[in-house]
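Here subunit A shows up in two complexes: once beside subunit B, once beside subunit C.
On to the complex of A and B.
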């Protein structure tokens, strides 16, 4: 079902910037970037059964890797940014993952949270390296070696950069689709559903969890790298643990028990947050209430609920 | 030599506030196996309530009376806890941990804005309580007497809690429920009541922590979120669900923080998180934790 929908949705995403104004396109770009992060996050939560409360760390590593490349190496090519972010997030996720995958359940969540806060406090305190709470500025990068044709940043973000993010997003979705449908992905789901049986079948649980952790972190790191030029600035806020909570929020909003859930959740969450922030000072409370109601009433998220409704409708018509 | 005494007092001051917050968090986890991400916000509520009681509602009253107002924040936080547990948390005990963490994360966001709604965006404090009792001489240094009061309250709270849990009938029921909820229920324990009481006590402690800190520091937005990660370090180091662990963890974190602030201020927080991570690696359940 998902594969059949992929083509029309891809066409829609390609054509959309012609129909909507640049502001809306940029909002959608943010949504797609977060969708990559949520997709990566969900490999752990939805497919491996591990709830990370520290994914802000890998998002932040991607973002700060780019910012450091700008500040210290004077790099301005987006491809090199992505490469640097991938290398940096592999190093950090390998280190953190090695420690974290020994645990499951609540201890896994707390350990990921504690480790992510190590990075936050470093970014926060070493202000002469990281800019502290002022953050680091990242100017408009070169895409495929070509500098932005226009001086107008909004125009650049809404056209060239949008399509760049869309392309990376498409590659990430395709890769993740292959991963979760590969024998490796099936093994992860087996571990999630029954660890003891999975071990009996001969799956090396810790190694599989470690690889899943690595892939998950790298996807989130890529999202961080794409996010910085969009935002123009990286601050320690994206390393602070409530940001990890947002990643969990958007994934559950879309539904973590299916492939498209995190994508839908991230895009919807991004619109939701933007409009909540625009309309009330108390946007946090609004989002909090939505989260509580969601968890109480629709634990399968948007996509899961749509699936349930469709199944019910089909049953009715067949009767 | 005197400077060491001052450092020791500071470490103990820090440890007692941390114990109040983390002890509540740990108690709640120990009894109902739920990690309350909104726990720090109850600490913040305690701080804001006491601050406004002292510096706004009853400003200008007798100073002895103002000191009696300190527990207002603790009582307020306890009242919120008594309402929250049966209404919001109870449906989640049988659900997966993801949902439990998420619902308390939602609660965190709501409480954060509730504080903004009630008290506005500006910091408030209750400095009269801090300055009224002045300071005393420690060798060549002056040390605020109020800090010693905080240390005493922290120590007393630990003592009372210990006596309550290990020396009273209710404590026996509480420990039984914590070890095996079903069997306790089968033996006639009203588990729901025990849960409300444990959660209320946990929130009372968090609120007391906030109330005690507010005469020396302002109550600001976001203080709950900051406090929670520190409380996490304490309970992870000491062991989730163990009160002895919370006490020892608070002392360790208090000491490391005091040394850190003087010797390596830049990486003080990072060192704390790393200690927590290392303890988890060597002893997954923390120094005093049970592995179940």
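On to the complex of A and C.
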């Protein structure tokens, strides 16, 4: 089903900026960026059965890698930003992953959470390096070596940058699709379903978990790198645990037992949060209630529920 | 020459000596039944040889190579596979996926993240062929968690068989299935094991199954091997008769 829908959705995403205003396009860009992070996160949760509460760390590493490149190396190329973010997230994810994949279930979750908090406190306390709570500013980058032709940042973000993010998003979706449908992806699902049996068909559990952790972290790091120019600033907030919670939230919202769930969840969550923040000061409470209702009423998420309804309708018509 | 040999293999859990200096051997293509009362140490012995638990002392030789400290994956590569007393399957994957995973792993393909699993046609052909041999072909696309207990037992063995082992441990392959289903399940397993000349160690409590399908019987009690021999020898052993058939048969 996913492959059949991919082309019309890609066409829609290409044409959409012509039909909606720049603000809506920027919102959609945020959604696509978070979808990359959620896709990466779901390789661990949905396919390997590991719930990470520390993905803010890898998102933050990507974002801060870009900010450091701007501040200390005076880099302004988006391609170099992405490269730097990938290298930085490989290093940090490998370090954290080495410790985390030795554990599962609550121990894994707590360890990922604790390690992300270490990064947050470093970003918070070493303000002479990280800018502390003031954060670090990131100006408009050059895309494919070309500087923005427009002085208007909104115009840049809603046109050139949107299409840049869309292209990276498409590559990430294709890559993740390949990974989860590869023999490696099958091995991860086997580990998720039955660790003991997976060992007894010859799968080296810890090594596979580590690779999944690494890939997951790199995807989230790429999302962080794409997010900074969009936001214009990075602060320790994106390393703090509630941000990890948001990544979990969007994945559960869309449904973590299918490929497209995290993508849909990320885009919907982004709109949900934006409008909740705009309408009430109690937006966190509102999102909390939505999460509770979601878990109770739609445990398979938006995409999972649509799938169930479609299956039910098919059954009805075939009778 | 033995295919597998253990020398003074010992394992204790706390104060309980589960396996006590066991010397055990099985030859190429031999089908051996491992019997004994609950707690005799049968499953622990299989767990030690298959690598699920590490021995306190002793040696495990497979094809004259010391595999005592090898990982589970290393032992599988060497040719040791097992099924489980309580069925261990990938319940959320399809029946054919379960078997294909063993083949992907055996062929070292599970490291491939750059190719679609569906495009590895020889793997799927072999997986379907194995399912045909086990009589599970019509369940190929069903979820492993959704088939009957008898079928799950067969699939559990099929997943191990797909690793192309030289030695297969079958831990109670008919436990939890109806009496009516036991013989057909063992018929399928036995014909495959014998036709491929795979050595098999069957742990069973059902004496009819043991007498019908095994070449040799090893009797364990309280962590030691009590007796070993062909069916007629075992039947004559008074200690075994008392233990297996009860005091009135001693």
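Keep in mind that, in the parts below, the second predicted complex is superposed on the first by the 319 of 319 C-alpha atoms of A that agree within 3 Å, B and C clash if a C-alpha of one lies under 4 Å from a C-alpha of the other, contacts with A are read in each partner's own complex, and residues count from 1 in each chain.
We take it that contacts are C-beta pairs under 8 Å (C-beta built on N, C-alpha and C of every residue); 3 or more make two chains touch, one makes a residue touch a chain.
Since this is a predicted model, take the numbers as computed values, not measurements.
Superposition of the two structures on subunit A shows subunit C fitting alongside subunit B with no clash.
Legend: residue contacts after superposition of the two complexes on their common chain; A:230 is shown touching neither subunit B nor subunit C.
In the superposition on chain A, A:6 makes contact with neither subunit B nor subunit C.
After overlaying the two complexes on the shared chain, residue contacts for A:102 are found with subunit B alone; subunit C is out of touch.
Of the two partner chains, subunit B is the only one touched by A:111; subunit C is not. Of the two partner chains placed around the shared chain by superposition, neither subunit B nor subunit C is touched by A:298. In the superposed three-chain arrangement, the CA centre of subunit A forms the vertex of an angle with the CA centres of subunit B and subunit C, and that angle is 80 degrees when rounded to a multiple of 10.
Legend: residue contacts after superposition of the two complexes on their common chain; A:203 is shown touching subunit C, with no touch to subunit B. The gap separating subunit B from subunit C at its narrowest, counted between C-alpha atoms of the superposed chains, is 15 angstrom. Common to the subunit B and subunit C contact sets on subunit A is no residue at all. For subunit A in complex with subunit C, the touching residues are 178-179, 181-187, 189-190, 192-194, 196-204, 208, 211, 215.
In the complex of the two chains, the subunit B residues touching subunit A come out as 35, 37, 88, 91-92, 95, 97-99, 101-103, 105-110, 112-114, 116-117, 225, 229, 232-233, 236, 240, 265-270, 273-274, 276-277, 280-281, 284-285.
On the side of subunit A, the complex with subunit B involves touching residues 45, 51, 53, 99, 102-103, 105-107, 109-111, 113-115, 117-118, 121-122, 124-126, 240-242, 245, 248-249, 252, 256, 281-285, 287-292, 295-296, 299.
Touching subunit A in their complex are the following residues of subunit C: 50, 52, 71-73, 76-77, 81-82, 84, 88-93, 97, 100-102, 104-106, 109-118, 120, 159-160, 163.
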